[in-house]
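Mind looking over this structure? Questions follow.
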Amino acid sequence: MSKEVKPESVSLSPLGATAAPEQELLCIFGTGDFGRSLGQRLLQSGYKVVYGSRRPHSCGPLPMGAKVLSHAAAAESSSLVFLCIHRQHYDFLESLAPQLKGKVLVDVSNNLKKNLYPEANAEYLQRLVPGAHVVKAFNTLSAWALQNGPSDANRQVFLCGNRAEAKQAVAETATKLGFSVLDRGSLSAARELEDFPLRLFPEWRLPLLIAIGLSAFFFFYLLIRDVVYTYVVQGKDISFRIMVSLANKVFPIVSLIMLALCYLPGIIAAILQLYRGTKYRRFPDWLDRWMLCRKQLGLLALGFASLHVFYTLVIPIRYYVRFKIGAGIISQIKENRTSEFDNSIAWRGDSYFSMGILGFCLFLLLGITSLPSVSNALSWREFSFIQSKLGYLTVFFCTFHAYLYGWDRFLRPSTYKWFTPPGYMLSLIVPSLVLVFKLLLLLPCVDRTLTRIRQGWERCDPEDDSKKTLLT
Amino acid sequence: MSKEVKPESVSLSPLGATAAPEQELLCIFGTGDFGRSLGQRLLQSGYKVVYGSRRPHSCGPLPMGAKVLSHAAAAESSSLVFLCIHRQHYDFLESLAPQLKGKVLVDVSNNLKKNLYPEANAEYLQRLVPGAHVVKAFNTLSAWALQNGPSDANRQVFLCGNRAEAKQAVAETATKLGFSVLDRGSLSAARELEDFPLRLFPEWRLPLLIAIGLSAFFFFYLLIRDVVYTYVVQGKDISFRIMVSLANKVFPIVSLIMLALCYLPGIIAAILQLYRGTKYRRFPDWLDRWMLCRKQLGLLALGFASLHVFYTLVIPIRYYVRFKIGAGIISQIKENRTSEFDNSIAWRGDSYFSMGILGFCLFLLLGITSLPSVSNALSWREFSFIQSKLGYLTVFFCTFHAYLYGWDRFLRPSTYKWFTPPGYMLSLIVPSLVLVFKLLLLLPCVDRTLTRIRQGWERCDPEDDSKKTLLT
Amino acid sequence: MSKEVKPESVSLSPLGATAAPEQELLCIFGTGDFGRSLGQRLLQSGYKVVYGSRRPHSCGPLPMGAKVLSHAAAAESSSLVFLCIHRQHYDFLESLAPQLKGKVLVDVSNNLKKNLYPEANAEYLQRLVPGAHVVKAFNTLSAWALQNGPSDANRQVFLCGNRAEAKQAVAETATKLGFSVLDRGSLSAARELEDFPLRLFPEWRLPLLIAIGLSAFFFFYLLIRDVVYTYVVQGKDISFRIMVSLANKVFPIVSLIMLALCYLPGIIAAILQLYRGTKYRRFPDWLDRWMLCRKQLGLLALGFASLHVFYTLVIPIRYYVRFKIGAGIISQIKENRTSEFDNSIAWRGDSYFSMGILGFCLFLLLGITSLPSVSNALSWREFSFIQSKLGYLTVFFCTFHAYLYGWDRFLRPSTYKWFTPPGYMLSLIVPSLVLVFKLLLLLPCVDRTLTRIRQGWERCDPEDDSKKTLLT
């Protein structure tokens, strides 16, 4: 193949004549923390490294084996320049435009805050040195990660840039350093990449708010119904129950409601599709947003369920419980009462525990399959089987668990202190609705229509039958 | 082909003249759900997109920025065509043969059922348009995944095709969209890929059957021995015990047997190798199949063990247990009996719990290391250390736990109601066998022979000593 | 760049003339286990395979479809030769130098022990056949993994070599077989790769030693204080308590100390940086090593915490506990004592349990986010938020849990049997120090200085202000 690869296209093809049998030379501007760590790692991976510095002779300790030159000389020597400099010092690069022409310029910078500047650092850089090929990369890594190699939250290098060859050259270097690369498109994605390290669980915000809101509401609701009511009506101080008993009422209630909230949007979507007779109209925004945070809702619900489990299992070790049981036995003896073993209470209690355990174990299974590495190994059908079929089974078990807890107290007037229903009754509303509507949607006639709609069929829209021919 | 592969051209540059400076134009046939989502994603990733449609002027809403042309015109404009059309509408492509000649044709289609057609969709397509390079890809993704980017079960794109360049082109596009690509070979693998989305835990089927079979057997066995026996002999209704007590006998029994079944095939394989004096003869099919589902067997066993743990921890909260303890204390007082604290019972009980907890925690560890992302980070030696050494330790702890449960009841005649042994005795058979045989295999003389065999040595096979020189 | 991208070349080929439309021919030397498995896998992936053998006509069963030739003929036919032979048989390759000239030679060999030979197998090979391009690869895989495709601990192929094209060619083959490739640099890394399969949790060694040391110390300490003391002073044999009660004291103590040991090095580092007034001086070696094993320390601590949880939850089912509670009630009745319900004991006990549960659940969360696949999905800021903020919260909860356990016993002389403090007091030293110092570091004046130092500022080092301009 007569591919005469000219040196100026060096950064290009990984292999052609490029990658000299031995080591490629890369240039780093900036001798700060990040620059040093990067240089060290590059040297370890078999590259030659030259630093560009304002004062090449007094720039502090650098990794062994690296050369230091002036910015201009350093830029000349390599076709790929890493820019480990703060944005506010970029201006001097304008004067280096001739040396940087045609070079790949890797912008690794981050800002301290979002929206500090009108344009992304990398875009600003590209404007300063229009002749260079700017690639945004490595900014999501810490200097620590560079020095010690990929690990934990530091394995992925995101990059973006306008020129494919430039990106490819950077991608190869990153791969050689042991990172995995994800191309995020053109340089216009640079702002997104620069915001990424400042990100703090954006997709968890809404579910967390819901969880906190529900917890707060039910905490005060139960505080009034249990502790305050007892104090007012019976004059007894049972405030110690806040720590475990009350918490162990709030957790399962919030967990059950949030679990049901994972499945409610799916039901609403199905009803909307049935009503509209098509799946080609967009859902309202709130529904889309709701659907996108179902996973987080579910995982939070699982967290609350776990707390409920631990709080429940700790019950028999509690002083209060031991005291009550002891007092019960003693009073029984003193008053010479005999209590009969009640088979139906045993049935009810054991069913209650069984449902709870089965529900929780299924819930754990859902949680485990939502681990990235597990869900990656599943086919789409398997994933949706678990998250949907087993998910509804979980909702059913947990709801049934709560109904068994209520048992015959639903009809007893004494349950409704101060005319308010107990917390668990409130928690049953959403899951019951979800289960009832799911059952309705499973009715053969409804299910058939819905399936057809989801395969692309549309109700009474004759002029648009092309869609039917298309893959769903 | 006269492929004089010169060493220097071997691995050749991905980029050559290919990747245009700016945006590549891709073509999509079909404006359905999948086609739209794909187009939108391609546009977001910086591609230009043109749709091919039967009626370019009335094909419904399309992603902003995409053009719509006739099929022929669209095909002309790009070298890569995504075919987002149902298989039954493929025929019209025959007439486009001239426009599609030399183009890469990406078949994304799936069928609703396995074996609906005699040949894979992609192979049928290749037959229809022999001049095009058909690549099967993207069919394992949902439209939803395409629209929202890779996530969960939707990160991997499998592809296959007969032409390497065509596959490479599709692979690059997929990578740019953020997916990771797995090449599955020639187009003959298309059927496998098309069946993939219809797959539902094939490797779990056998272990699940075993688990269900064992559970059912032991459930009825214990139902008869416990509930029915008590009813017939003592006339007492203890049916409520089904929910927790009985379940909590079935779960650990099944778990222990299945855990042992994970290690039995390894033992059988070792004995076979010792007997045959070589490792170069294939194992019988059933053994191979058994070995391949050990992981699933183990994870199911872990699930049953977890259920056992929860059912056990819930014991002291149960009405039945509280009642029994209370009744015991009351009768003790009334009859003025005094019971002495028995040190050996305390030792036995506490050892029993300790073994159980240690066994379960080790079992959890085995489960965690079988998570794909964890096991990927382990070297082969580390993985086999955990799964084998720690695995046998787990079997030992759990078996010992069960023996301690039995304690002195093995010799008591009253244990054998209706002349049947209790369930836990049956559960001890397989793990005891596994442990005994493992000990035998660890005897120095046996172990040495086995190690030599596994390193390629063969007993009395003098004419074939070449094997000894080869790497194992 | 005048790269006129013609549409028809778009899809094009990374591969130039290389990847022939159909199958590439690869050569394997050695017909042992590994060679056979490799050949079978290559055939399945669409390659043609030829084996090189000393005795081509009597080399045992080979995968269907493979040819067998003499070494020389086989080497001639392909540009890539896999060497599946033990190192001690490499010498004959010297005579094949002419046929191997310019070929890519893949060394897959491992040794049985570390440092068996003065140089790595691959380097030895390169010396033997200097004209060939030696690439070390595939040696971390087992023959089993090759035969059955990537799975679990067998997904990654590490490679190294001096020639980039050669590595690229091998990388492509590995990718086609379904493995993911990690380039580890030049051939000098071969020794590291050859040692890799012999590795057995090197980074876990120190944390494990610490865990075992602490456990042993506290076990004997508590054995003397509890069991021996009781035997000597009261003449009572409570040795049965070793199994659960004693273990359940050792586990939480070790867990708490090790959890605090995860956060101590960070505190020491901060103090060092404050004291030195710069972050540009290296930490002492022991601190670096300590910091690198924090994750392992934490996970071991989590393991001990889990054991503590299970041992605690099992308490109410224990014979000893049931006996004691029963005996307590009986003696209460006989002596006609009445005990009053004590609100403050209830508060204390329930807070104690709450803190423990919350601490453990947070700890579990830390453990889950340290799973590779989870931490990969987090941004750096998110990861450090969890591991640092939530980490300190965990330390706080767990320490508070231990203080509540002590309660008013800190001041009671009877606590100090034989003038020794109980175990939990010893366990509180390190975490208390960590929390106090962390609070001091959070004081606004200290925190501000530290933040500035970490952003690159240096105290009184005027001639070196270039660093301030550099990215941190």
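Should a chain be cited, it is by its letter among A, B and C, assigned in written order, with residues numbered from 1 in that chain.
We take it that a contact is a pair of C-beta atoms (placed from the backbone, for glycine too) under 8 Å apart; a residue touches a chain by one contact, two chains touch by 3 or more.
Quick caveat, the model's predicted, so the values are computed rather than measured.
Looking at contact counts per chain pair, the maximum sits at B-C. Homomeric contact chain A/chain C: same residue numbering on both sides for under half of the interface positions.
One inter-chain figure worth recording: chain A and chain C are separated by 23 Å, centre to centre, where each centre is the mean of the chain's CA atoms. Of all residues in chain A, those that touch two or more other chains are 1, 3, 14-15, 18, 313, 316, 329, 333, 371-374, 376.
Taken in their complex, chain B has these residues touching chain A: 8-9, 11-16, 19-22, 30-35, 44-46, 53-55, 58-61, 84-86, 89, 108-110, 140-143, 145, 148, 152-156, 175-176, 178, 196-201, 237, 239-241, 243-245, 247, 303, 306-307, 310-311, 313-314, 316-320, 322-323, 326-327, 329-330, 333-334, 371-374, 376.
Listing the residues of chain A that touch chain B in their complex gives 1, 3, 12-18, 162-165, 168, 182-186, 279-280, 292, 295, 309, 312-313, 315-316, 325, 328-329, 332-333, 339, 341-343, 345-347, 349-351, 353-354, 357-358, 360-361, 364-365, 370-383, 385, 456, 463-464, 466-467, 469-472.
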